[in-house]
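Next up: the structures, one after another.
There are two complexes below, and they share chain A, which is joined by chain B in the first and by chain C in the second.
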Partner chain A sequence: MSTDIDRQWTSRLRRSVVAKLPPDKLLPDTQPAYVASWIYVFGVTTMAALGVVIATGCILALDGPQWWHSSSLGHFVNSLHLWSVEIFFFAMVIHLWGKFAMAAWRGGRSLTWVTGAITFMVSILTAFTGYVSQTNFDSQWIATQAKDGINSTGGGAFFNVLNLGQMLMWHIVLLPIGAVLLTVLHVVMVRVKGVVPPIVETVELSA
Partner chain B sequence: MRKKAYRPDVDVPEWKGRYVPYDIIKEGTIALVVVAILTVALAVVFSSPDEKAITIKTWSNADPIDFAKTAVSELDGTSGVAHYGAPYNHGGPAQGLGFLSPEKWVGVRIAINTATDFVLNPLEAQPTQPALHAALTQWASASSTTQSSWTSAYASADAKMTFTGDHVNVPTHAAGPVPVLINDLTMMARSGALDQALVTQNGFYTTNYTKPLLFLSDGTYLAGLANKQHLGGDQWGMMNETGSWPGQAWLWLYTFWYQVSPYNSSKSGDFMVFGTMMVLTALLVAVPFIPGLRSVPRRIKIYRLIWREHYRESED
Partner chain C sequence: MAQGWGLGALINLNHYGHYLQWHVFSISVANLLVIIVMIATFVAALVAPFPGRRNRKGPQ
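The block that comes next holds the complex of A and B.
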């Protein structure tokens, strides 16, 4: 017979989380032997680069959006931010196509693929808002060009790339929150389902 | 009970093979350290671009004639922005395909009147100057037909425009107050006052640069500088960066469409590119659910390279 404590929302949530993602799945100490390729490095590299992107972005945010133009330290931090973004996308694209080649959506992992693909799109939008928030010639040109594409969709009326304040807020608050939440969701799904096994070629099996 | 057929692009058998030691925390830590070191190394060696922003002051001092001609087009409503359409005004046709035209559906939400916002309001904010005040009064009291005849007379003579002695000279006597308005706006721009006037129309505190950026984009100066930096739309500029730094290379497919027909020749090219990319994006996201597409990995067999040790062991 269930007690009052068993029926608590907290208790139910804990049981559900532990059932779906027990500690040995969340932080495994073994993995299937087929996980033996350099391609697997690019998932964790993407996450590591995301961490560096966020850390360098936070340092850039300390003194406002323009200090890096007049400070050699600020310019260096901007360089760190730029190159971590380049590494992030490089690793992410290889990770994406690697997972495509593995048909990594098999075995009930469709949503893992979907969240990964959406994270890629959100990341592109986050980077774009960063480019138009640089407050330099590059941002002027990109904003004046990009407005035509976005305006053609009707979206420019609400997402005005010429409005620095709006773009900066999207870049440093809204989109990073989205990208990080999606990344967490994606990684949790990977941990819940495990790494997709190799494609079966020769054995007729039943599912 | 009938067994469900095994679908190789959807199902996986339960793994019954061996497991090997795996330290996920160590892996993550090593990745973070390696990426941090690589980032620092790249930043130290290659730095990053920071081409200074141009201002209307920069533009009007570097090319006063281009500025003055652009100002006339803003005043007479023939500029790119004046003819843009939504979301700025009703000046031009909306992009779309068939009945699909979200730009038109949304309508004008960031209202821009180029004559008022870019020329007349900034001039009216100037300290009292008798000649300018008289010119503004003459402009405001004239009919739209008369205004058009003045700007037409000015525009038809502006091929012979010169800038000498801090003055914009146009050989016409039929342009009413337009020569004074354009000359004073050019002087205002060259002093830097127009940059301030365009942003402070939004109030004391502002982070919205819509008006000065639109004004800049109507001239040829900004585009000329961008083309020198290989940033033009027909130069794959969307994925380029000033100087020789890498830009948004991940936008290569988006910018690719702008290089080919019919995208680069259609008046609705932007909308067509966006639509194409949305379809491709939807396909990417939905790969697991699309028969045929989800079989591609099994057909191209790159997975054999990735799992070569597994297949070698299986074959042994």
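The block that comes next holds the complex of A and C.
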């Protein structure tokens, strides 16, 4: 017989979350033997790079949108920000190739695949707004080239790449929040469904 | 100029990029090199032995 406390939304939500993702699944001590391959390290490499991107971005935000042009420390942090982004995309694309090759959407993992794909697209948009927020000739060139493409879609009415303030806000607030939330959701989906087994392993198990 | 120390001493990056052109396709040498390194890394990740794999006892 359920009590009033059992029926309240906090109790029901807690029971549902714990049933779907118990603590030993959320933070497992071991992984299946097939995970012992270099192809499985690129997801966590991407997240480590994302951590450096966010940390260096927070440092860059401390003193406004132009200080890294005139300060050697700012130039150094700006370079760390750029190169961590390079590693981020380098690792994420190899992660994508690996997961595509092993058809990682198998076994009810379609949402894991979809969240990863959307995270990839949001990351590209985040990088793009970063390029047009550099406050140099490079960013002016990219913005003036991109405006024609975006205006041809009608999107320029809402997303004006020549508006530095708008691009910077998208780059440091909206898109990073989206990218991080999607990454968290992606990792939670991996925890819920488990790491996808190799195709050979699945065939052997089902035979 | 940062040129003269660090990587700048090994590779002179202070010039316009080199581009390869084939019909309508155009790519900078730098981007092509990154793509080649990515493909090489992907292949290496598939074939390189993972340390401790033989001794690993995880759930199957």
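Of note:
Keep in mind that, in the parts below, the second predicted complex is superposed on the first by the 199 of 207 C-alpha atoms of A that agree within 3 Å, B and C clash if a C-alpha of one lies under 4 Å from a C-alpha of the other, contacts with A are read in each partner's own complex, and residues count from 1 in each chain.
Definition applied: contacts are C-beta pairs under 8 Å (C-beta built on N, C-alpha and C of every residue); 3 or more make two chains touch, one makes a residue touch a chain.
Just so it is clear, the model here is predicted, and its values are computed rather than measured.
When chain A is checked against chain B and against chain C, the one touching more of its residues turns out to be B.
Once the two complexes are laid over each other on the shared chain, residue contacts for A:52 go to chain B alone; chain C is not touched. Of the two partner chains placed by the overlay, chain B and chain C both lie in contact with A:36.
After overlaying the two complexes on the shared chain, residue contacts for A:98 are found with chain B and with chain C alike.
Of the two partner chains, chain B is the only one that A:163 touches; chain C does not reach it.
In the superposition on chain A, A:149 makes contact with chain B only, while chain C stays out of contact range. Applying the stated contact rule after C-alpha superposition, one finds that A:22 touches neither chain B nor chain C. By the touch criterion defined above, A:64 reaches neither chain B nor chain C.
Look at A:137: by the touch rule set out above, it reaches chain B but stays clear of chain C.
Put simply, chain A uses residues 30-33, 35-37, 39, 41, 93, 98 to touch chain B in one complex and chain C in the other.
For chain A in complex with chain C, the touching residues are 30-33, 35-39, 41-42, 90, 93-94, 97-98. Contact residues of chain A toward chain B in the complex are 27-37, 39, 41, 44-45, 47-49, 51-52, 56, 68-69, 75-76, 78-84, 86-87, 89, 93, 98, 100-103, 105-107, 109-110, 113-114, 117-118, 121, 124, 127-128, 131, 134-141, 143-145, 148-149, 151-158, 160, 162-166, 168, 194, 196-201, 203-207.
The touching residues of chain C, when paired with chain A in their complex, are 34, 38, 41-42, 44-46, 48, 50, 52-53, 56-60. Residues 3-13, 15, 17-25, 27-28, 31-32, 34-36, 38-40, 42-44, 46-54, 84, 86-87, 95, 102-103, 105-107, 109-110, 206-210, 213-214, 216-217, 222, 225-226, 231, 233, 237-238, 241-242, 245-246, 248-251, 268, 270-271, 273-274, 281, 284-289, 294, 296-298, 300, 302-303, 306-311, 313 of chain B are the ones that touch chain A when the two sit in their complex.
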